[in-house]
Each structure stands twice: as structure tokens, then as C-alpha cells.
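Next come two complexes, and both contain chain A; in the first it sits with chain B, in the second with chain C.
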Partner chain A sequence: MCKKTIVLGVIGSDCHAVGNKILDKFYSDAGFNVINLGVMVSQDEFIDSAIETGAEAILVSSLYGHGEIDCMGFRERCTERGLEDIVLHVGGNLVVGKMDKARIVEKFKEMGYDRVYTPDVDLQICLEELRADLKC
Partner chain B sequence: MEIQNKKIDKQDYLNGREEILAAWPTGQGVSIEEGVKFQESLPESKRFASVLNQAVKEKRVLIQPRAGVALVDEHIELLKFLEEESDLLPTTIDAYTRLNRYDEAQKGIDKSRAAGHSLLNGFPAVNHGIESCRRIIESISKPVEIRHGTPDARLLAEISYAAGFNSFEGGGISYNIPYAKNVPLEKSIRDWQFIDRLTGIYQEEGITINREPFGPLSGTLVPPFVSHSIAIIEGLLALEQGVKSITLGYGQAGNMIQDIAAMQSLTELAHKYFGEAGFKDYELSTVLHQWMGGFPEDEARAFSVIAWGSVVANFAGATKVIVKTPHEASGIPTKEANLQGLKATRQMIQMTHDQCYFNIAELALEKEMIHREVDAIMAAVFEAGKGDIAVGAVKAFEAGIIDVPFAPAACNYGKMLPVRDNTGAVRVFETGNTPLPSDVLNYHKEKIRERAAVEERDPCFQMVIDDIYAISKGRLVGRPR
Partner chain C sequence: MLISIDIGSTWTKGALFTVREGKLVVENRETTATTTDDLSIGFREILGRLRLTAYGETPVLCSSSAHGGLKITAIGIVPDLTLESARLAALSAGGKLTKAYSYRLNSTDIREIEASQPDIVLLTGGTDGGNRSYILHNAELLSKSNLDCTILYGGNRDLQDDVRNILIRKKLLIAANVLPDLNNPSPQEARDVIRETFMSTIIQGKGLQSIVELTGSAPVPTPAAVFDYVTHLDREKTFEGDFSFIDMGGATTDYYSAVSPVSTDKVIRKGIKEPRIKRSVEGDLGMRVSALSAMESDRMTLEAEAESRGLNLDDFLDYLKKVSTMTEYIPVDAEEKRFDALLAGFCTANATTRHGGTRREIYTTSGSAFVETGRNLKNIKTIIGTGGYLAALDDDPFRHYPVPAVTIEGEEILSPAEYRYFRDHRYLIPLLANAARLYPKEAAASLKPNLTEIKD
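What follows is the complex of A and B.
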């Protein structure tokens, strides 16, 4: 079991709490030390928490459509604050309106996210990929 | 902060509003007098309360979508596109405005202009201001409601009312618990008392503005008695401030008998509690929200969920139904559309096959349960507040007497856990501190045991998670894989 620390939260002004509570339970059951910041988390709050807890990954959720605005510049901000190697995952309904999945993934990978998930993803895949990214 | 359920003195409201209006430049110079004049100029067909009253009389179910984009012209275009198929229209507000982050909303407007499409999830009415908002009202031939999720919507209300919107969704509990993280309940209840008072001031000038507490809350397996208790409390708080037109809401849970029982008991219980508090002069209507939880990705399957909500709204006698997307397509079917019809049918069959008959005795039993549950909660709330429903509401949340499942707010107790029974009705699995009578709780437990036996597993959190994802995966009850 991988006991590494990960930070979890819903970014921006988004208050969707249900998936967040489920992810918390899911990753905790998988053995991770989950720091769950809950809903409405700013980029700097994610980073503060990761620095404070020595987390190796930040898992960002966004359900309400503002993901594109809220997630912009996060990778740069992490680097700026000394988290050059942090693993960044993002998932949810990331943009306003219907957009081709491949385009969404491409868009967010360009922003510097290591993994990009849409809502239909099997959580087991997220878990396996997180373990691969953290080499555990 | 001390609150009480007492009508705010008109002069106190007027003295306090300068500060509210100063929060953003578009608030400057908002005049209630001008607002009343503009509202007076609107024909009956654009008056929300009138259209609702007519529907109640005729026992019609009105149809209303959700819709809102960043820019004014695009928003008008969107509403015009939906206008013919809707009885009532919305202006759904973006998430930044909901948190009073008007500077971020402005960035969203600017970025949307640059991108050529909306990057905001709603219409930032405060940033656009009265003149722009009036263009919406002038362009549309039907009543338009402001729908949002704003814990402190005082400025939004001032601007919306003056701009001619005459229905306003929300309440001090229902727009805090599911929409905020750290807003104290006494603050949001107080702020919404101000909004209800503003509504009352318009009413005194002869302008009825409809108020609609938000029924579905977290939209996730909320037992009817939880949302009903909150709807009744918000109704009482609104009536005290002079509101006359109230629409109480409920989010479709999925089991038809429970949903019909919920809608019928909502009206009965509201009249009972409003009457007991001495209110007689009010107009009551109801709204059913089609399934507010996760939807199937496949549009044909989604259509089936939408259709099921429509069935319930109709049988439950809702005054209006809030519609999820996609809309029904029309025309001669292609082979692809034919396939979609099959999928939609399958989704419907899988959702209904556990509840294969419609039994009046069952309906009566479900209604009795909801009545007894709400009476138990309301008695505890009144007791906690020593007779004051505003104080009682705050204390009830602190104590977990009222507990909304899967809500983000820190002031929500968060210990009560729901799960579906074998027919998909939502039951209380972990009671938390909700003061339900023991025989009612036993009824819940027995229903859950029936399901557990069928599935050959103990009731557990995994069962709850399975339920949360069940509809998006094609069924009502989250059966084991």
C-alpha cells in the first residue's frame, strides 16, 4: 500500500462536495494520506497545504465549468513556489459546454497537468496512474 | 450575530441599503421607486406570480429551463432560443457572482469577449447592471426568474428587482448549506431576511415578487423530510418579512411513490405550518426539480432521466418543473435516433422495474411517514429556538437536528447518511442526531434490511456510493457489480 501524502480539493468558487467526499474515502481506503481541503480551494491554498504536509501530488477537481479559468497558471505557480516536481492531476467537468474529450485533455496537459480526467473515468484507473506517477 | 424571526423595520432596511449598494459600482443609484415603476410597466404575461397562480388554478405543470451565459446579447439570444418551449424563463447567475467576487466575474466577462464564447457558467447580473438587465426583460415575452446559489444576494436582489425580474430563488439556509463552505448560518439567514424584506417593500408598493426557496439542496439522496423542513422554515421566514408569493421546491429522488408523496405532503405541511403561524394571505405553488444528481453521459439515456422527472412532476401535481438538458429532439427518426429511442426506453425500464405497480396504500403510508418526520423535526427546531424559527434553525443545524447529506458547509452537521431501499426510495441509514420517532426509524431500517437481503451484503458506505452513481450508470438502485 502506498502511504504517500496527497492533497485533494475542488478549485476556485466551486462548491460541488459529493465527488470530493467520495474521492477522499476512495484514496484513503487505498492507503494514501489524504489531505482533503474540501470545496472552494484557491491555487495558493493547494500549494500551502502541499508544502506544509510534504505532499507529492495535488488532485484538483472542478465540476462547475470555470475549470479553464481556475486551473490556468497553476503549474507555473507551483514551480514559482518551489514545487517543481509535484504531480498534478485534474478531473471533472472542466470547461463550459460540450467539448471533445481529446481537446479537453490536450488543453489541460498543455497547462502542465500530468493527468486529465473526464467524469466517466473509472476511479481504479486514476488510482493506478497516481501510483505510477508517484512510483509506489 | 443575533438573529430573530421578526419583520425588519422599513426604515432600518432603507438605512442599511447604502452599504449593500456600495459593494460594486453598478449598485450606485439603484432606486426602489424606479424599480417599482418599471415593474408596473410589465404586462401580466411577464409577471411570475400571475402566471404561477393561473397554473395552480388550471392544474397545469409549467416548464422552466436553467440558462445563463456571460454576455448580455448572447444571454438574450439563448433565452429567445428557449422561449417558445418554456412557460417560465430563468437567468442563471455565474458562480463568481454567487460568492460576491465581482472582480473575478469581470475577468470572466472580458475573457469571454476575447474567446468569443462564454467562459462563465452563468450571467453576471451585478456586473452588467440595471440597464443591461432590463434589456433582457424587454426582449423576452415571458416571466424571468433569477436562479443562483448566493449566500449573500442582497445586492443581486436590489439590482434584479429594479431591473424587472420578478421571481428570485434562494433562502438563508438553502443557499448556504449546499453552496458555501464557511458562511455562518446566522449571517446567511440574516442576509436573506433583508432580501425578503426588500420583496415585502415591493409588495407594499403593489408589486408581487415570487420567492422560491431552493428545494434540492445537495441534490444527493436528500430524504424528503430534510428538504421539506428547510422549505417550511424559509417559507415562514419569508412570510414574516412580507413576502406573499412563495414556491416551495423538492428535488426528484427517483422512486415515484416517494416523490409523489413528497410533493403532496410539501403543500399540505406548508399550509399547516404557515396557518399555525397566523399567515393566511399568501399564494403557494410548488416546483419539482428533475433529478439533480449525476446523469448518464449518453444523451439518449439522459433523456430518459429527464422524462422520468416529467412523469413525476405531472403525477405529483407540481406547479412547475425545472428541466435538465438535453431537450427532446423532433422530426422523422434516422436510424441513429431510433437507437436512441431504444436506449431511452431501456433506461426507463431499468429505473422503474423495481417499483412495478402504483399502490394507493403505499402512497398514503409514505405521506404519513413524511408528515411525522417533518413534525418531529419542526417540533425540535421550535424547541431549540424557544419558539423563534430563525434562532431554532441555527441551533438545529449546530445540533444536527437538521442535517443535509453531502453538503459542503462547515455549519452542517454531516452525520446523517441516506441510502436507497430496494425500491429506490431514499431512507435514513445512519441517523446522526435527527430526532425521528423510533417507529419511523424502524420503518427506514426495515426497508434498508430488505434491500441488503436481496443484495446479500450489509448496508455500508459502498452501498451509498453505488446509489450516488447508479442513475449515471443506468439504474436507480446501486446494485453490487
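What follows is the complex of A and C.
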């Protein structure tokens, strides 16, 4: 089992707590040391926590439609604060309205996220890809 | 019977207590000016006077805050996480924080620390199993420094052996991590080690050694005694609900509070978990030595306040300059009293704002909620003013200088909403705090009868 530390949270002013708790349980059961910051987490809170806990990945959720604005500049901020090698995953209802899935993935990859997930994804795939990214 | 003596930076105070019906009763109360070159002279004088009325074997307890207490430099990684936890540990131990450093130290920082001559360097960083690189870097730099004071390591547990090897030539002590995981700050062990260090190292010089010979134990730092006293008062449920002490002196304003967590689904908490008992120290807010630095902390607001009260601004500034060098100055006329009242209100309001947290309202799919940062003081039902000025002031400083409702950013300030204000009119709190080391229950029961409520 991979015991690496990961930071989890719902970004911005988003209060959706249920999915966050499911992800916490899912990744903990898979062996990860999950630092769950809960809802309404700012970019700096993710980064602060990753620095102190020595986390190797940050998993960002967003459900309320403002994900694009909240997630912008996160990769740059990580680099600026010394987390240049951190793995970034993002998932949820990332944009408002109907946008093509491929377009969403492309948009967030451009922003520097290593993996981008839409609501229809199988969590098992997320887990396998996280393990691949962390080489564990 | 017991004798309690507190050596402050200006006054040395003492009281002779008898234990009667579960309370400590003041039989005699004495004060003299602190003899800064040899603290034991003033101490002996007070002890001699109190012993005149004592009979039998009387234990003597002593606390001291002279010379500002124990100087601590705190080092952490993220300012709001491990560095904040290190601050909590240092302040609850009764220390004086000379400087705090986050992330990686550099050679300029090291020179600055060397020049400030701290008694203890508290090195923290990383949760258990967490960050390594910052701590190893900072330990390396400390190992190459000229520092010969105690270095206390209270960071990531995984690195204790590494840190021990790196700092092998230094006076190194190791305590449990102040932030073992992000949800549970644990400053207690580091705090206890700091206190023990205070006892064993600070007593050298300034006549404290002879006090140890007289009393059989080292004087405790006054703020540490008061911190423990707040803990006893809380445990004994002396006051209904949350309560706080504001101890305003010439140089600093200390704020102690006992606050129970309020948790509802409507509140989303941010930052590290608040401890039940907390002490904060504002080194730039005070009535004399810090009068000018208090003004500099928010000049615009203070000047606007002075003008709205019809005070002459130039005279006010001259007054602040004057008293900042005359530590024992007492106002001579009505105008100077108004200057002091304004300064006192400004300091108490700002100390409260800084001790407390803020919140903002947000709207969610399930109604409105609050995002809360820092300490919620809204449920404080009792505020007690102590320290020379507030002990003597027959008034509630907040009535004339209320804590602002919102910050500049528009966030609500979580200050006490409905409270009763009391003053420690005999200035007994440090003496009772000291006595609480032998009689915690009795000392807790003796506070209320010695307070005066300020009513409308």
C-alpha cells in the first residue's frame, strides 16, 4: 500500500461536503495519509498544509461551477511557494453550463493540473492514476 | 499562612494570606519600587515587612516579570501553522517573543538572532512524518551560529535524531512536536520544557540566586503563573461562561482568555484549532515605554479619535513622547488624564482585536453560514482589567473606546458582545496566581470577592 501523504479539499467558496468525505474515506482506505482540509479551502491553505505535512499531491475538488476562477494560477502559486514538483489533481463540476468534456480537460491541463476529472469518472481510475503519478 | 511576592518591572508587590473557609484572605499587602540592579533588595524589603505580621513557618512563593522575562526566538515553517503553534507554546510558558521566523533562515537572520541574545531558540516545523527540508536547513544554520543558549526542538518527530546529530555541539533539548498533525496543536510539552529552562537558567544574576536560597525555589515567570491561574479559574468554573483578563502595563498589553469552542454546522472554521486557554502579548501596546509604538501601530485612527474628543493633537503627541521615557509618570491634570484614558482605550481595544478572530458571512445552497478565522470572543461574559492602570481605573475602558465592529476588509470582529467588566482594584491577580501554586482551589475562590464591578 502507498502510504504517501496527500492533501484534499474543496476549493474557493464551495461548501459541498459530501463528496469530500467520500474521497477522504476512499483514499484513506487505499492506504494514503489523507490531510483533509474540508470545504472552502483557499489556494494558500492547500499549499501551507502541503508544505508542513510534506504532501506529494494536492487533490482539488470543485462542485459549484466557479472552479475555473478558483483554480486559476494555482500551479504558478505552488511553484512560487516552493512546491514545484507537487502533483495536482482536480475534479468535479468544474465549469458552469454545458461544456464539452474534452474542452474542460484541455482547459485545466493548460492551467497546470496533471489530471482533470469530470463527475462521471470511476474513482478507481483516479486512484490508479494517482499511484502512477506518485510512483507508488 | 503564606507569603506571595511578585517582582514586576516597576513595582515589587507582596501579600500575606491566611487560608480561611476555603479562601485566601489578605492579611497584609505591601508594595515597593523594584530594585532593578539587584532584585533581591526589594524582595527582602517586602518579605521583611510581611513577616512582621506572620507567625509560624510561612511558605514564600515568588514570581517575577522583571527584565521582560524569558526571551524566546521562535522558528517555524508556515506562519499560520507551525510558527503559530510555536508562538502559542512560547507565550503560554510566560515567555517574551523577541522575533519569529518562518520558512528558511538565512545568514542575516542568524546574525539577528545572535545579536538579540535569546534565552531559548524554539525550533519547530513540519507535522510528524511531514516536512524535512526546511528543518534540516534551519538546524544546519543554527549549528554554525555562535548561539550558546538553549535550543529547543519541537518539530517533526521523524527528525529528532537528525536534529540531535546536527546540533550536537549546542545545548539542545527535545520536546514533542508542537503541531503533530494539522488538526491538533500540542504546545504543552514544549511549554513545560521552556518553563523548566526558565527556572534553571534565568536565575543567574540580578540577585535572583539569593531569592532561591530564601524561598527554596526559583521564581516563576509571572505570565506563566497567571496563565495557570486562568486554567484553575476555568476548571473551578469561577465565572459563568467564557472570561478574559486584560493586563495592561507600561510596556505590553497581555490578553488571557478561557474560551470554549462553539461549533455549529453554520460555522466553517479556518486555521489551527484554538486552545481553550490562550495568552497573547502585544509588545507595542502599553501606557508608558510603548506609548509611542502604540500610536505608530495605527496613527490615523488614534489621531482621528483624539480629534473627535476635542483633544489638541500636538499636546497629545508631546504627552506620548514624554511618558514613553518616564515609566513611572502619573498624570497631573485633567487633560493628561484624558490623554491617558484615550491611550488606554486604544490599547485595550487593539489588544482585544488582535487576540480575537474574525468571520464573514457566506451564502450557500443550504442557507447562510460563517467562515471563522481565529479566536471567537463573542461568548466572553466577564472581562477583568488588571495591571497598574486598569486596576486603578474606576471605569470600563471599552465603554469609551469600543472595539470596532468590522475590520478594514469588512469582516466582523469576534469581540465580546455582552459582558460584565470588573477591575482588580487591589491588584491581587499576580499574587493570587502565585499563591495558586500551593492552593489552587482557594486561590480560585478568592478572586471574585476581590473584584469591583463597573456598572453603568
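Heads up, the rule we're going with is that the second predicted complex is superposed on the first by the 136 of 136 C-alpha atoms of A that agree within 3 Å, B and C clash if a C-alpha of one lies under 4 Å from a C-alpha of the other, contacts with A are read in each partner's own complex, and residues count from 1 in each chain.
Here is the rule we use: a residue touches a chain if its C-beta (ideal position, glycine included) is under 8 Å from a C-beta of that chain, and two chains touch if they have at least 3 such contacts.
Predicted model only: the values in this text are computed from it and were never measured.
Novice: Comparing chain C with chain B, which touches more residues belonging to chain A?
Specialist: B
Novice: Between chain B (first) and chain C (second), which, if any, makes contact with A:119: first, second, both or neither?
Specialist: first
Novice: Could you say whether A:128 touches chain B, chain C, both of them, or neither, answering first, second, both or neither?
Specialist: Touch partners of A:128: none, neither chain B nor chain C.
Novice: Which holds for A:25: it touches chain B only (first), chain C only (second), both, or neither?
Specialist: After superposing on A, A:25 lies in contact with chain B but is clear of chain C.
Novice: In the overlay, answer first, second, both or neither for which of chain B and chain C A:76 touches.
Specialist: Neither chain B nor chain C is touched by A:76.
Novice: Determine, under the contact definition given at the top, whether A:49 touches first (chain B), second (chain C), both, or neither.
Specialist: Once the two structures are laid over each other on A, A:49 reaches chain C alone.
Novice: One more residue to check, A:106. First (chain B), second (chain C), both or neither?
Specialist: Once the two structures are laid over each other on A, A:106 reaches no partner at all.
Novice: Which partner does A:39 contact after superposing on A: first (chain B), second (chain C), both, neither?
Specialist: both
Novice: By the touch definition above, which chain A residues appear in both interfaces, chain B in one complex and chain C in the other?
Specialist: 13, 15-16, 38-40, 64
Novice: Under the touch definition given earlier, write down the residues of chain A that touch chain B in their complex.
Specialist: Those in contact with chain B are residues 12-18, 20-22, 25, 38-40, 64-66, 68-69, 96-97, 119-120.
Novice: Could you please specify the touching residues of chain B with respect to chain A in the complex?
Specialist: Those in contact with chain A are residues 94-96, 98-99, 101, 104, 107-108, 111, 117-121, 149, 178-181, 218-220, 293-294, 297, 406-408, 461, 465, 468.
Novice: Touching residues of chain C toward chain A in the complex: what are they?
Specialist: These residues of chain C touch chain A: 77-78, 80-82, 125-127, 129-132, 134, 179, 181-182, 268, 270, 362, 364-366, 369, 371.
Novice: Quick one: which bits of chain A touch chain C in the complex? Just the residue numbers, please.
Specialist: Residue list for chain A touching chain C: 5, 13, 15-16, 33, 35, 38-40, 45, 48-49, 51-55, 64.
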